[in-house]
(Lines give C-alpha, C1' and ligand atoms only; values in the text may rest on other atoms or scores of the structure.)
Protein backbone atom coordinates (compact mmCIF):
# COMPACT_ATOMS: atom_id res chain seq x y z
CA UNK A 1 0.00 0.00 0.00
CA UNK A 2 1.17 3.50 -0.84
CA UNK A 3 1.68 5.70 2.17
CA UNK A 4 0.53 9.26 1.62
CA UNK A 5 0.98 12.43 3.65
CA UNK A 6 -1.53 13.10 6.42
CA UNK A 7 -3.21 16.44 7.03
CA UNK A 8 -0.47 17.72 9.39
CA UNK A 9 2.27 16.85 6.95
CA UNK A 10 0.48 18.64 4.12
CA UNK A 11 -0.01 21.73 6.30
CA UNK A 12 3.65 21.70 7.30
CA UNK A 13 4.75 21.41 3.67
CA UNK A 14 2.63 24.39 2.75
CA UNK A 15 3.99 26.70 5.42
CA UNK A 16 7.54 25.51 4.73
CA UNK A 17 7.36 27.72 1.65
CA UNK A 18 8.51 31.12 2.96
CA UNK A 19 6.67 32.94 0.15
CA UNK A 20 3.26 31.78 1.34
CA UNK A 21 3.21 33.41 4.79
CA UNK A 22 5.08 36.40 3.30
CA UNK A 23 2.15 36.99 0.92
CA UNK A 24 -0.37 36.17 3.65
CA UNK A 25 -1.62 32.96 1.98
CA UNK A 26 -3.32 30.26 4.03
CA UNK A 27 -4.07 26.64 3.17
CA UNK A 28 -7.82 26.69 3.79
CA UNK A 29 -8.71 23.17 2.70
CA UNK A 30 -6.82 20.09 1.53
CA UNK A 31 -8.07 16.56 0.91
CA UNK A 32 -8.27 13.83 -1.75
CA UNK A 33 -7.04 15.69 -4.82
CA UNK A 34 -8.41 19.07 -3.81
CA UNK A 35 -6.84 22.10 -2.14
CA UNK A 36 -7.95 25.67 -1.49
CA UNK A 37 -5.65 28.61 -0.75
CA UNK A 38 -7.01 31.86 0.69
CA UNK A 39 -5.44 35.27 0.67
CA UNK A 40 -6.79 38.34 2.48
CA UNK A 41 -6.51 41.72 0.86
CA UNK A 42 -3.40 43.67 1.82
CA UNK A 43 -2.13 46.76 0.04
CA UNK A 44 1.34 45.20 -0.14
CA UNK A 45 0.26 42.58 -2.69
CA UNK A 46 -1.66 44.88 -5.03
CA UNK A 47 -1.07 46.36 -8.46
CA UNK A 48 -1.26 50.09 -9.26
CA UNK A 49 -5.06 50.37 -8.90
CA UNK A 50 -5.12 48.74 -5.50
CA UNK A 51 -6.44 45.42 -6.79
CA UNK A 52 -4.94 42.00 -6.08
CA UNK A 53 -1.90 41.70 -8.35
CA UNK A 54 -2.14 39.17 -11.17
CA UNK A 55 1.17 37.65 -10.09
CA UNK A 56 -0.30 36.81 -6.71
CA UNK A 57 -3.43 35.34 -8.28
CA UNK A 58 -1.22 33.17 -10.49
CA UNK A 59 0.87 32.15 -7.49
CA UNK A 60 -2.03 30.74 -5.49
CA UNK A 61 -3.62 29.17 -8.60
CA UNK A 62 -0.38 27.28 -9.26
CA UNK A 63 0.28 26.40 -5.63
CA UNK A 64 -3.24 25.16 -4.84
CA UNK A 65 -2.98 22.73 -7.77
CA UNK A 66 0.43 21.56 -6.55
CA UNK A 67 -0.97 20.82 -3.11
CA UNK A 68 -4.05 19.12 -4.54
CA UNK A 69 -1.62 16.86 -6.39
CA UNK A 70 0.47 16.28 -3.27
CA UNK A 71 -2.49 14.65 -1.49
CA UNK A 72 -2.43 11.90 -4.14
CA UNK A 73 1.31 11.22 -4.18
CA UNK A 74 3.30 8.73 -2.12
CA UNK A 75 5.26 10.33 0.71
CA UNK A 76 8.61 9.98 -1.06
CA UNK A 77 7.42 12.15 -3.97
CA UNK A 78 6.77 15.84 -4.14
CA UNK A 79 5.00 18.04 -6.68
CA UNK A 80 6.95 20.17 -9.13
CA UNK A 81 5.03 22.46 -11.46
CA UNK A 82 6.09 21.80 -15.04
CA UNK A 83 3.96 24.61 -16.45
CA UNK A 84 0.80 26.55 -15.83
CA UNK A 85 -1.56 28.82 -17.75
CA UNK A 86 -4.01 31.28 -16.31
CA UNK A 87 -6.80 33.39 -17.81
CA UNK A 88 -7.86 36.53 -15.97
CA UNK A 89 -11.63 36.83 -16.33
CA UNK A 90 -12.55 39.60 -13.91
CA UNK A 91 -10.74 42.13 -11.76
CA UNK A 92 -10.03 40.81 -8.28
CA UNK A 93 -11.40 43.65 -6.17
CA UNK A 94 -12.63 41.65 -3.19
CA UNK A 95 -11.72 41.48 0.46
CA UNK A 96 -10.07 38.19 -0.18
CA UNK A 97 -9.36 35.75 -2.97
CA UNK A 98 -9.56 31.99 -2.84
CA UNK A 99 -8.10 29.49 -5.28
CA UNK A 100 -9.96 26.19 -5.46
CA UNK A 101 -7.93 23.47 -7.15
CA UNK A 102 -8.86 19.99 -8.23
CA UNK A 103 -6.82 17.28 -9.96
CA UNK A 104 -8.68 16.36 -13.15
CA UNK A 105 -6.58 13.31 -13.92
CA UNK A 106 -3.26 11.77 -12.97
CA UNK A 107 -0.87 8.91 -13.53
CA UNK A 108 2.27 7.91 -11.65
CA UNK A 109 4.25 10.90 -12.90
CA UNK A 110 1.96 13.56 -14.37
CA UNK A 111 -0.92 15.36 -12.63
CA UNK A 112 -3.34 17.72 -14.42
CA UNK A 113 -4.82 20.36 -12.13
CA UNK A 114 -7.52 22.96 -12.65
CA UNK A 115 -7.71 26.00 -10.36
CA UNK A 116 -10.54 28.49 -10.18
CA UNK A 117 -9.73 31.73 -8.35
CA UNK A 118 -12.62 33.65 -6.85
CA UNK A 119 -12.76 37.21 -5.56
CA UNK A 120 -14.92 37.47 -2.45
CA UNK A 121 -16.69 40.60 -1.19
CA UNK A 122 -19.23 40.14 1.57
CA UNK A 123 -21.39 37.24 0.46
CA UNK A 124 -20.53 37.69 -3.23
CA UNK A 125 -18.14 35.22 -4.88
CA UNK A 126 -17.01 36.11 -8.38
CA UNK A 127 -14.82 33.99 -10.69
CA UNK A 128 -11.69 36.08 -11.24
CA UNK A 129 -9.35 33.63 -12.96
CA UNK A 130 -9.08 30.06 -14.18
CA UNK A 131 -5.90 28.06 -14.57
CA UNK A 132 -4.60 24.75 -15.88
CA UNK A 133 -1.53 23.40 -14.11
CA UNK A 134 0.69 20.46 -15.08
CA UNK A 135 2.57 18.89 -12.18
CA UNK A 136 5.23 16.22 -12.00
CA UNK A 137 5.77 13.89 -9.07
CA UNK A 138 9.49 14.00 -8.39
CA UNK A 139 11.80 12.19 -6.00
CA UNK A 140 13.33 15.13 -4.27
CA UNK A 141 16.98 14.29 -3.97
CA UNK A 142 17.54 12.38 -7.14
CA UNK A 143 15.66 14.53 -9.60
CA UNK A 144 15.85 18.06 -8.32
CA UNK A 145 19.24 18.40 -6.77
CA UNK A 146 21.42 16.55 -9.20
CA UNK B 1 1.11 61.42 -33.67
CA UNK B 2 0.58 59.06 -30.75
CA UNK B 3 2.11 60.24 -27.52
CA UNK B 4 3.75 57.47 -25.53
CA UNK B 5 5.10 57.29 -22.00
CA UNK B 6 8.68 58.42 -21.46
CA UNK B 7 11.24 56.54 -19.37
CA UNK B 8 10.34 58.28 -16.12
CA UNK B 9 6.65 57.63 -16.56
CA UNK B 10 7.31 53.93 -17.23
CA UNK B 11 9.51 53.70 -14.13
CA UNK B 12 6.87 55.42 -12.03
CA UNK B 13 4.18 53.06 -13.27
CA UNK B 14 6.30 50.07 -12.37
CA UNK B 15 6.97 51.15 -8.78
CA UNK B 16 3.33 52.19 -8.35
CA UNK B 17 2.61 48.50 -8.06
CA UNK B 18 3.10 47.81 -4.33
CA UNK B 19 3.81 44.11 -4.97
CA UNK B 20 6.96 44.84 -6.96
CA UNK B 21 9.03 46.55 -4.23
CA UNK B 22 7.50 44.14 -1.69
CA UNK B 23 9.03 41.21 -3.62
CA UNK B 24 12.22 43.18 -4.26
CA UNK B 25 11.70 43.44 -8.03
CA UNK B 26 13.40 46.15 -10.05
CA UNK B 27 12.74 47.40 -13.56
CA UNK B 28 16.22 46.91 -15.00
CA UNK B 29 15.56 47.88 -18.60
CA UNK B 30 12.65 49.25 -20.61
CA UNK B 31 12.53 50.50 -24.19
CA UNK B 32 10.78 49.98 -27.53
CA UNK B 33 8.79 46.84 -26.85
CA UNK B 34 11.27 45.32 -24.42
CA UNK B 35 11.48 45.24 -20.64
CA UNK B 36 13.62 43.38 -18.11
CA UNK B 37 12.74 42.83 -14.45
CA UNK B 38 15.39 41.71 -11.96
CA UNK B 39 14.92 40.10 -8.59
CA UNK B 40 17.67 39.38 -6.08
CA UNK B 41 17.53 36.23 -4.02
CA UNK B 42 15.83 36.62 -0.67
CA UNK B 43 14.71 33.77 1.57
CA UNK B 44 11.28 35.42 1.90
CA UNK B 45 10.35 34.70 -1.72
CA UNK B 46 11.47 31.06 -1.85
CA UNK B 47 9.76 27.69 -1.90
CA UNK B 48 10.50 24.89 0.55
CA UNK B 49 13.95 24.03 -0.83
CA UNK B 50 15.17 27.61 -0.68
CA UNK B 51 14.83 28.19 -4.42
CA UNK B 52 13.02 31.11 -6.06
CA UNK B 53 9.32 30.29 -5.84
CA UNK B 54 7.57 29.52 -9.12
CA UNK B 55 4.89 32.07 -8.29
CA UNK B 56 7.50 34.80 -8.17
CA UNK B 57 9.04 33.65 -11.43
CA UNK B 58 5.60 33.77 -13.05
CA UNK B 59 4.97 37.21 -11.57
CA UNK B 60 8.01 38.84 -13.15
CA UNK B 61 7.51 36.95 -16.44
CA UNK B 62 3.99 38.36 -16.68
CA UNK B 63 4.90 41.85 -15.49
CA UNK B 64 7.92 42.29 -17.76
CA UNK B 65 5.73 41.50 -20.78
CA UNK B 66 3.12 43.98 -19.57
CA UNK B 67 5.71 46.73 -19.32
CA UNK B 68 7.25 45.84 -22.67
CA UNK B 69 3.74 46.33 -24.10
CA UNK B 70 3.29 49.60 -22.22
CA UNK B 71 6.21 51.16 -24.11
CA UNK B 72 4.22 50.74 -27.34
CA UNK B 73 0.86 52.05 -26.13
CA UNK B 74 -0.51 55.59 -26.26
CA UNK B 75 -0.45 57.35 -22.90
CA UNK B 76 -4.20 57.01 -22.38
CA UNK B 77 -4.01 53.22 -22.48
CA UNK B 78 -2.61 50.77 -20.01
CA UNK B 79 -1.71 47.10 -20.22
CA UNK B 80 -3.97 44.44 -18.72
CA UNK B 81 -2.84 40.82 -18.82
CA UNK B 82 -5.57 38.69 -20.37
CA UNK B 83 -3.73 35.44 -19.80
CA UNK B 84 -0.28 33.98 -19.51
CA UNK B 85 1.40 30.59 -19.67
CA UNK B 86 4.79 29.65 -18.30
CA UNK B 87 6.97 26.55 -18.61
CA UNK B 88 9.52 25.89 -15.88
CA UNK B 89 12.62 24.49 -17.58
CA UNK B 90 15.22 24.54 -14.83
CA UNK B 91 15.34 25.16 -11.11
CA UNK B 92 16.03 28.81 -10.30
CA UNK B 93 18.89 28.44 -7.83
CA UNK B 94 20.79 31.60 -8.67
CA UNK B 95 21.71 34.75 -6.80
CA UNK B 96 19.17 36.58 -8.86
CA UNK B 97 16.66 36.01 -11.62
CA UNK B 98 15.95 38.26 -14.56
CA UNK B 99 12.94 38.19 -16.86
CA UNK B 100 13.60 39.51 -20.35
CA UNK B 101 10.40 40.28 -22.25
CA UNK B 102 9.82 41.24 -25.85
CA UNK B 103 6.60 41.99 -27.72
CA UNK B 104 6.44 39.59 -30.67
CA UNK B 105 3.53 41.29 -32.38
CA UNK B 106 0.77 43.77 -31.62
CA UNK B 107 -2.22 45.61 -32.96
CA UNK B 108 -4.26 48.42 -31.47
CA UNK B 109 -5.76 46.23 -28.77
CA UNK B 110 -3.84 42.96 -28.40
CA UNK B 111 -0.14 42.53 -27.60
CA UNK B 112 1.67 39.17 -27.67
CA UNK B 113 4.66 39.04 -25.34
CA UNK B 114 7.36 36.44 -24.81
CA UNK B 115 9.36 36.38 -21.57
CA UNK B 116 12.46 34.37 -20.87
CA UNK B 117 13.44 34.11 -17.20
CA UNK B 118 17.08 33.42 -16.44
CA UNK B 119 18.71 32.31 -13.19
CA UNK B 120 22.05 34.02 -12.66
CA UNK B 121 24.93 32.72 -10.52
CA UNK B 122 28.25 34.49 -10.86
CA UNK B 123 28.84 34.76 -14.60
CA UNK B 124 26.50 31.87 -15.44
CA UNK B 125 23.07 32.63 -16.94
CA UNK B 126 20.71 29.69 -17.24
CA UNK B 127 17.25 29.70 -18.86
CA UNK B 128 14.86 28.85 -16.01
CA UNK B 129 11.46 29.53 -17.55
CA UNK B 130 9.76 30.72 -20.71
CA UNK B 131 6.37 32.40 -20.92
CA UNK B 132 3.83 33.65 -23.45
CA UNK B 133 1.71 36.57 -22.30
CA UNK B 134 -1.36 38.10 -23.96
CA UNK B 135 -1.99 41.72 -23.05
CA UNK B 136 -4.84 44.08 -23.80
CA UNK B 137 -4.52 47.84 -24.10
CA UNK B 138 -7.35 49.25 -21.98
CA UNK B 139 -8.68 52.71 -21.29
CA UNK B 140 -8.45 52.69 -17.54
CA UNK B 141 -11.62 54.32 -16.35
CA UNK B 142 -14.04 53.14 -18.95
CA UNK B 143 -13.04 49.54 -19.28
CA UNK B 144 -11.70 48.51 -15.90
CA UNK B 145 -13.77 50.34 -13.37
CA UNK B 146 -17.23 50.11 -14.83
CA UNK C 1 -30.64 46.30 -29.41
CA UNK C 2 -27.75 44.17 -30.63
CA UNK C 3 -28.68 41.83 -33.42
CA UNK C 4 -27.05 38.44 -33.13
CA UNK C 5 -26.78 35.52 -35.52
CA UNK C 6 -29.64 33.02 -35.54
CA UNK C 7 -29.22 29.24 -35.53
CA UNK C 8 -29.08 28.94 -39.32
CA UNK C 9 -26.46 31.66 -39.64
CA UNK C 10 -24.29 29.98 -36.99
CA UNK C 11 -24.61 26.61 -38.75
CA UNK C 12 -23.71 28.18 -42.08
CA UNK C 13 -20.65 29.88 -40.58
CA UNK C 14 -19.47 26.58 -39.18
CA UNK C 15 -19.71 24.65 -42.43
CA UNK C 16 -18.16 27.57 -44.33
CA UNK C 17 -14.88 26.42 -42.83
CA UNK C 18 -13.65 23.83 -45.35
CA UNK C 19 -11.50 22.10 -42.70
CA UNK C 20 -14.50 21.10 -40.61
CA UNK C 21 -16.28 18.86 -43.14
CA UNK C 22 -12.86 17.65 -44.35
CA UNK C 23 -12.14 16.30 -40.83
CA UNK C 24 -15.72 15.07 -40.47
CA UNK C 25 -16.62 17.54 -37.71
CA UNK C 26 -20.25 18.44 -37.03
CA UNK C 27 -21.73 21.30 -35.03
CA UNK C 28 -23.87 19.25 -32.66
CA UNK C 29 -25.18 22.03 -30.44
CA UNK C 30 -25.00 25.82 -30.33
CA UNK C 31 -26.84 28.30 -28.13
CA UNK C 32 -26.30 31.14 -25.65
CA UNK C 33 -22.56 30.97 -25.10
CA UNK C 34 -22.26 27.22 -25.59
CA UNK C 35 -21.29 25.06 -28.55
CA UNK C 36 -20.51 21.36 -29.04
CA UNK C 37 -18.57 19.87 -31.93
CA UNK C 38 -18.66 16.13 -32.63
CA UNK C 39 -16.25 14.04 -34.64
CA UNK C 40 -16.70 10.39 -35.53
CA UNK C 41 -13.71 8.11 -35.58
CA UNK C 42 -12.04 7.78 -38.96
CA UNK C 43 -8.61 6.26 -39.58
CA UNK C 44 -7.67 9.33 -41.66
CA UNK C 45 -7.56 11.62 -38.63
CA UNK C 46 -5.58 9.35 -36.31
CA UNK C 47 -2.04 9.26 -35.00
CA UNK C 48 0.29 6.26 -35.31
CA UNK C 49 -1.55 4.06 -32.77
CA UNK C 50 -4.93 4.54 -34.43
CA UNK C 51 -6.19 7.00 -31.80
CA UNK C 52 -7.71 10.41 -32.49
CA UNK C 53 -4.79 12.72 -33.28
CA UNK C 54 -4.05 15.42 -30.70
CA UNK C 55 -4.08 18.04 -33.45
CA UNK C 56 -7.68 17.17 -34.25
CA UNK C 57 -8.66 17.24 -30.59
CA UNK C 58 -7.10 20.69 -30.30
CA UNK C 59 -8.87 21.83 -33.46
CA UNK C 60 -12.37 21.06 -32.20
CA UNK C 61 -11.56 22.37 -28.70
CA UNK C 62 -10.52 25.70 -30.21
CA UNK C 63 -13.36 25.85 -32.73
CA UNK C 64 -16.14 24.97 -30.30
CA UNK C 65 -15.05 27.85 -28.06
CA UNK C 66 -14.97 30.19 -31.04
CA UNK C 67 -18.54 29.26 -31.98
CA UNK C 68 -19.72 29.51 -28.37
CA UNK C 69 -18.36 33.07 -28.46
CA UNK C 70 -20.00 33.79 -31.80
CA UNK C 71 -23.46 33.26 -30.29
CA UNK C 72 -22.82 36.24 -28.00
CA UNK C 73 -21.43 38.65 -30.59
CA UNK C 74 -23.27 41.20 -32.72
CA UNK C 75 -23.69 40.13 -36.34
CA UNK C 76 -21.03 42.51 -37.62
CA UNK C 77 -18.34 40.85 -35.50
CA UNK C 78 -16.69 37.50 -35.82
CA UNK C 79 -14.55 35.43 -33.48
CA UNK C 80 -10.79 35.22 -33.95
CA UNK C 81 -8.80 32.93 -31.65
CA UNK C 82 -5.99 34.90 -30.03
CA UNK C 83 -4.52 31.87 -28.28
CA UNK C 84 -5.46 28.55 -26.81
CA UNK C 85 -3.99 25.96 -24.45
CA UNK C 86 -4.97 22.35 -24.14
CA UNK C 87 -4.09 19.60 -21.66
CA UNK C 88 -4.40 15.99 -22.81
CA UNK C 89 -5.70 14.00 -19.86
CA UNK C 90 -6.54 10.63 -21.39
CA UNK C 91 -6.05 8.86 -24.70
CA UNK C 92 -8.98 9.43 -27.06
CA UNK C 93 -9.75 5.87 -28.07
CA UNK C 94 -13.51 6.18 -28.50
CA UNK C 95 -15.91 5.83 -31.41
CA UNK C 96 -16.29 9.56 -31.40
CA UNK C 97 -15.10 12.64 -29.58
CA UNK C 98 -17.15 15.64 -28.57
CA UNK C 99 -15.90 19.05 -27.51
CA UNK C 100 -18.25 20.95 -25.19
CA UNK C 101 -17.40 24.63 -24.96
CA UNK C 102 -18.73 27.35 -22.72
CA UNK C 103 -17.87 31.05 -22.47
CA UNK C 104 -16.79 31.70 -18.89
CA UNK C 105 -16.77 35.47 -19.20
CA UNK C 106 -16.71 38.15 -21.88
CA UNK C 107 -16.64 41.87 -22.58
CA UNK C 108 -17.08 43.76 -25.82
CA UNK C 109 -13.80 42.56 -27.26
CA UNK C 110 -12.42 39.57 -25.31
CA UNK C 111 -14.13 36.23 -24.72
CA UNK C 112 -12.75 33.52 -22.40
CA UNK C 113 -13.84 30.02 -23.38
CA UNK C 114 -13.39 26.64 -21.73
CA UNK C 115 -13.67 23.44 -23.76
CA UNK C 116 -13.86 19.92 -22.40
CA UNK C 117 -13.27 17.17 -24.96
CA UNK C 118 -14.75 13.76 -24.22
CA UNK C 119 -14.02 10.40 -25.82
CA UNK C 120 -17.17 8.34 -26.20
CA UNK C 121 -17.36 4.52 -26.46
CA UNK C 122 -20.80 2.98 -26.19
CA UNK C 123 -22.37 4.59 -23.15
CA UNK C 124 -19.03 5.58 -21.62
CA UNK C 125 -17.94 9.24 -21.75
CA UNK C 126 -14.39 9.94 -20.63
CA UNK C 127 -12.74 13.36 -20.29
CA UNK C 128 -9.87 13.30 -22.79
CA UNK C 129 -8.73 16.93 -22.84
CA UNK C 130 -9.47 20.34 -21.38
CA UNK C 131 -8.72 23.67 -23.00
CA UNK C 132 -8.78 27.39 -22.33
CA UNK C 133 -9.37 29.60 -25.36
CA UNK C 134 -9.09 33.38 -25.67
CA UNK C 135 -11.16 34.88 -28.46
CA UNK C 136 -11.39 38.37 -29.89
CA UNK C 137 -14.46 39.86 -31.52
CA UNK C 138 -13.22 41.44 -34.74
CA UNK C 139 -14.84 43.49 -37.47
CA UNK C 140 -14.01 41.35 -40.43
CA UNK C 141 -13.00 43.77 -43.12
CA UNK C 142 -11.35 46.43 -41.09
CA UNK C 143 -9.30 44.35 -38.73
CA UNK C 144 -8.45 41.17 -40.56
CA UNK C 145 -7.92 42.18 -44.14
CA UNK C 146 -6.07 45.44 -43.81
CA UNK D 1 25.01 4.02 -24.72
CA UNK D 2 21.48 5.04 -25.56
CA UNK D 3 20.34 4.01 -28.99
CA UNK D 4 18.25 6.64 -30.73
CA UNK D 5 16.18 6.57 -33.90
CA UNK D 6 17.97 7.26 -37.18
CA UNK D 7 16.67 9.57 -39.89
CA UNK D 8 14.70 6.85 -41.70
CA UNK D 9 13.02 5.70 -38.51
CA UNK D 10 12.00 9.27 -37.65
CA UNK D 11 10.59 9.78 -41.14
CA UNK D 12 8.68 6.52 -40.94
CA UNK D 13 7.22 7.47 -37.56
CA UNK D 14 6.04 10.78 -38.95
CA UNK D 15 4.22 9.32 -41.96
CA UNK D 16 2.76 6.54 -39.79
CA UNK D 17 0.38 9.20 -38.50
CA UNK D 18 -2.50 9.07 -41.01
CA UNK D 19 -3.50 12.66 -40.21
CA UNK D 20 -0.24 14.12 -41.50
CA UNK D 21 -0.49 13.01 -45.16
CA UNK D 22 -4.25 13.64 -45.00
CA UNK D 23 -3.56 17.31 -44.20
CA UNK D 24 -0.67 17.41 -46.67
CA UNK D 25 2.01 17.89 -44.00
CA UNK D 26 5.62 16.96 -44.69
CA UNK D 27 8.54 16.48 -42.33
CA UNK D 28 10.94 18.96 -43.88
CA UNK D 29 13.81 18.73 -41.40
CA UNK D 30 14.64 16.66 -38.34
CA UNK D 31 17.87 16.46 -36.34
CA UNK D 32 19.29 16.87 -32.83
CA UNK D 33 16.33 18.33 -30.98
CA UNK D 34 14.90 20.22 -33.94
CA UNK D 35 12.14 19.43 -36.44
CA UNK D 36 10.33 21.39 -39.13
CA UNK D 37 6.95 20.50 -40.61
CA UNK D 38 5.76 22.12 -43.85
CA UNK D 39 2.26 22.38 -45.19
CA UNK D 40 1.30 23.71 -48.62
CA UNK D 41 -1.84 25.74 -49.00
CA UNK D 42 -4.92 23.74 -49.93
CA UNK D 43 -8.49 25.00 -49.76
CA UNK D 44 -9.48 21.86 -47.84
CA UNK D 45 -7.57 22.92 -44.72
CA UNK D 46 -8.76 26.53 -44.57
CA UNK D 47 -11.17 28.49 -42.43
CA UNK D 48 -14.03 30.60 -43.78
CA UNK D 49 -11.84 33.37 -45.25
CA UNK D 50 -9.65 30.95 -47.16
CA UNK D 51 -6.74 31.24 -44.73
CA UNK D 52 -4.91 28.33 -43.11
CA UNK D 53 -7.17 27.12 -40.29
CA UNK D 54 -5.90 27.72 -36.75
CA UNK D 55 -6.49 24.07 -35.91
CA UNK D 56 -4.05 23.05 -38.62
CA UNK D 57 -1.48 25.59 -37.45
CA UNK D 58 -1.79 24.20 -33.92
CA UNK D 59 -1.49 20.65 -35.23
CA UNK D 60 1.89 21.18 -36.92
CA UNK D 61 3.15 23.34 -34.03
CA UNK D 62 2.42 20.49 -31.62
CA UNK D 63 3.66 17.73 -33.90
CA UNK D 64 6.95 19.43 -34.84
CA UNK D 65 7.80 19.77 -31.14
CA UNK D 66 6.93 16.11 -30.58
CA UNK D 67 9.27 15.03 -33.36
CA UNK D 68 12.01 17.38 -32.18
CA UNK D 69 11.72 15.58 -28.82
CA UNK D 70 11.74 12.16 -30.47
CA UNK D 71 15.24 12.77 -31.86
CA UNK D 72 16.53 12.96 -28.27
CA UNK D 73 14.74 9.91 -26.87
CA UNK D 74 15.95 6.33 -26.68
CA UNK D 75 14.35 4.04 -29.26
CA UNK D 76 12.08 2.34 -26.72
CA UNK D 77 10.38 5.63 -25.83
CA UNK D 78 8.00 7.74 -27.79
CA UNK D 79 6.75 11.30 -27.39
CA UNK D 80 3.30 12.01 -25.99
CA UNK D 81 2.10 15.61 -25.84
CA UNK D 82 0.98 16.43 -22.30
CA UNK D 83 -0.22 19.91 -23.22
CA UNK D 84 0.43 22.74 -25.60
CA UNK D 85 -0.36 26.44 -25.90
CA UNK D 86 -0.30 28.54 -29.01
CA UNK D 87 -0.59 32.28 -29.67
CA UNK D 88 -1.78 33.41 -33.09
CA UNK D 89 0.21 36.52 -33.99
CA UNK D 90 -0.65 37.09 -37.63
CA UNK D 91 -3.05 35.68 -40.19
CA UNK D 92 -1.54 32.78 -42.13
CA UNK D 93 -2.26 33.86 -45.70
CA UNK D 94 0.80 32.40 -47.38
CA UNK D 95 1.40 29.74 -50.01
CA UNK D 96 2.66 27.48 -47.30
CA UNK D 97 3.29 27.40 -43.58
CA UNK D 98 6.25 25.91 -41.78
CA UNK D 99 6.56 25.08 -38.10
CA UNK D 100 10.10 25.19 -36.74
CA UNK D 101 10.42 23.44 -33.39
CA UNK D 102 13.29 23.26 -30.96
CA UNK D 103 13.59 21.51 -27.59
CA UNK D 104 14.52 24.18 -25.05
CA UNK D 105 15.30 21.75 -22.25
CA UNK D 106 14.69 18.14 -21.31
CA UNK D 107 15.23 15.47 -18.70
CA UNK D 108 14.58 11.74 -18.84
CA UNK D 109 10.81 12.15 -18.85
CA UNK D 110 9.80 15.74 -19.68
CA UNK D 111 10.69 17.72 -22.81
CA UNK D 112 9.91 21.43 -23.26
CA UNK D 113 9.48 22.43 -26.90
CA UNK D 114 9.03 25.78 -28.58
CA UNK D 115 7.52 26.00 -32.06
CA UNK D 116 7.43 29.05 -34.30
CA UNK D 117 5.03 28.82 -37.25
CA UNK D 118 5.77 30.99 -40.26
CA UNK D 119 3.56 31.89 -43.20
CA UNK D 120 5.52 31.98 -46.44
CA UNK D 121 4.60 33.94 -49.57
CA UNK D 122 7.25 34.22 -52.26
CA UNK D 123 10.42 35.21 -50.45
CA UNK D 124 8.56 36.67 -47.46
CA UNK D 125 8.49 34.72 -44.18
CA UNK D 126 6.18 36.07 -41.51
CA UNK D 127 5.81 34.78 -37.93
CA UNK D 128 2.20 33.61 -37.72
CA UNK D 129 2.13 31.74 -34.41
CA UNK D 130 4.27 30.70 -31.48
CA UNK D 131 3.73 27.70 -29.25
CA UNK D 132 5.04 26.04 -26.11
CA UNK D 133 4.68 22.26 -25.99
CA UNK D 134 5.25 19.90 -23.06
CA UNK D 135 6.07 16.34 -24.07
CA UNK D 136 6.48 13.16 -22.08
CA UNK D 137 8.70 10.26 -23.08
CA UNK D 138 6.55 7.16 -22.66
CA UNK D 139 7.16 3.48 -23.00
CA UNK D 140 4.55 2.64 -25.54
CA UNK D 141 3.03 -0.60 -24.37
CA UNK D 142 3.23 -0.16 -20.65
CA UNK D 143 2.09 3.40 -20.28
CA UNK D 144 -0.31 4.06 -23.11
CA UNK D 145 -2.14 0.82 -23.62
CA UNK D 146 -2.73 -0.37 -20.11
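Letters A, B, C and D mark the chains in the order given here, with residues in each chain numbered from 1 onward.
Criterion: contacts are C-beta pairs under 8 Å (C-beta built on N, C-alpha and C of every residue); 3 or more make two chains touch, one makes a residue touch a chain.
Note that the structure is a prediction, hence the values are computed from the model and not measured.
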item: Which of C-D and A-C has more C-beta contact pairs; value: C-D
item: Interface numbering overlap (same over half, different under half) for chain B and chain C; value: same
item: Chain A and chain C: spacing of chain centres that average the CA atoms, whole Å; value: 29
item: Centroid spacing, where centroids are CA-atom means, of chain B and chain C in whole angstrom; value: 32
item: Centre-to-centre distance between chain D and chain C (centres being mean Cα positions), rounded to whole Å; value: 21
item: Numbers and ranges of chain A residues touching at least 2 other chains; value: 82-83, 85, 87, 112, 132, 134
item: In the complex, chain C residues that touch chain A; value: 85, 87, 89-90, 104-105, 112, 114, 127, 130, 132, 134
item: Touching residues on chain C, where the partner in the complex is chain B; value: 82-83, 85, 107, 109-110, 112, 132, 134, 136, 143
item: Chain B - residues contacting chain A, complex; value: 13, 16-19, 22, 43-49, 53-56, 58-60, 62-63, 80-88, 91, 140, 144-145
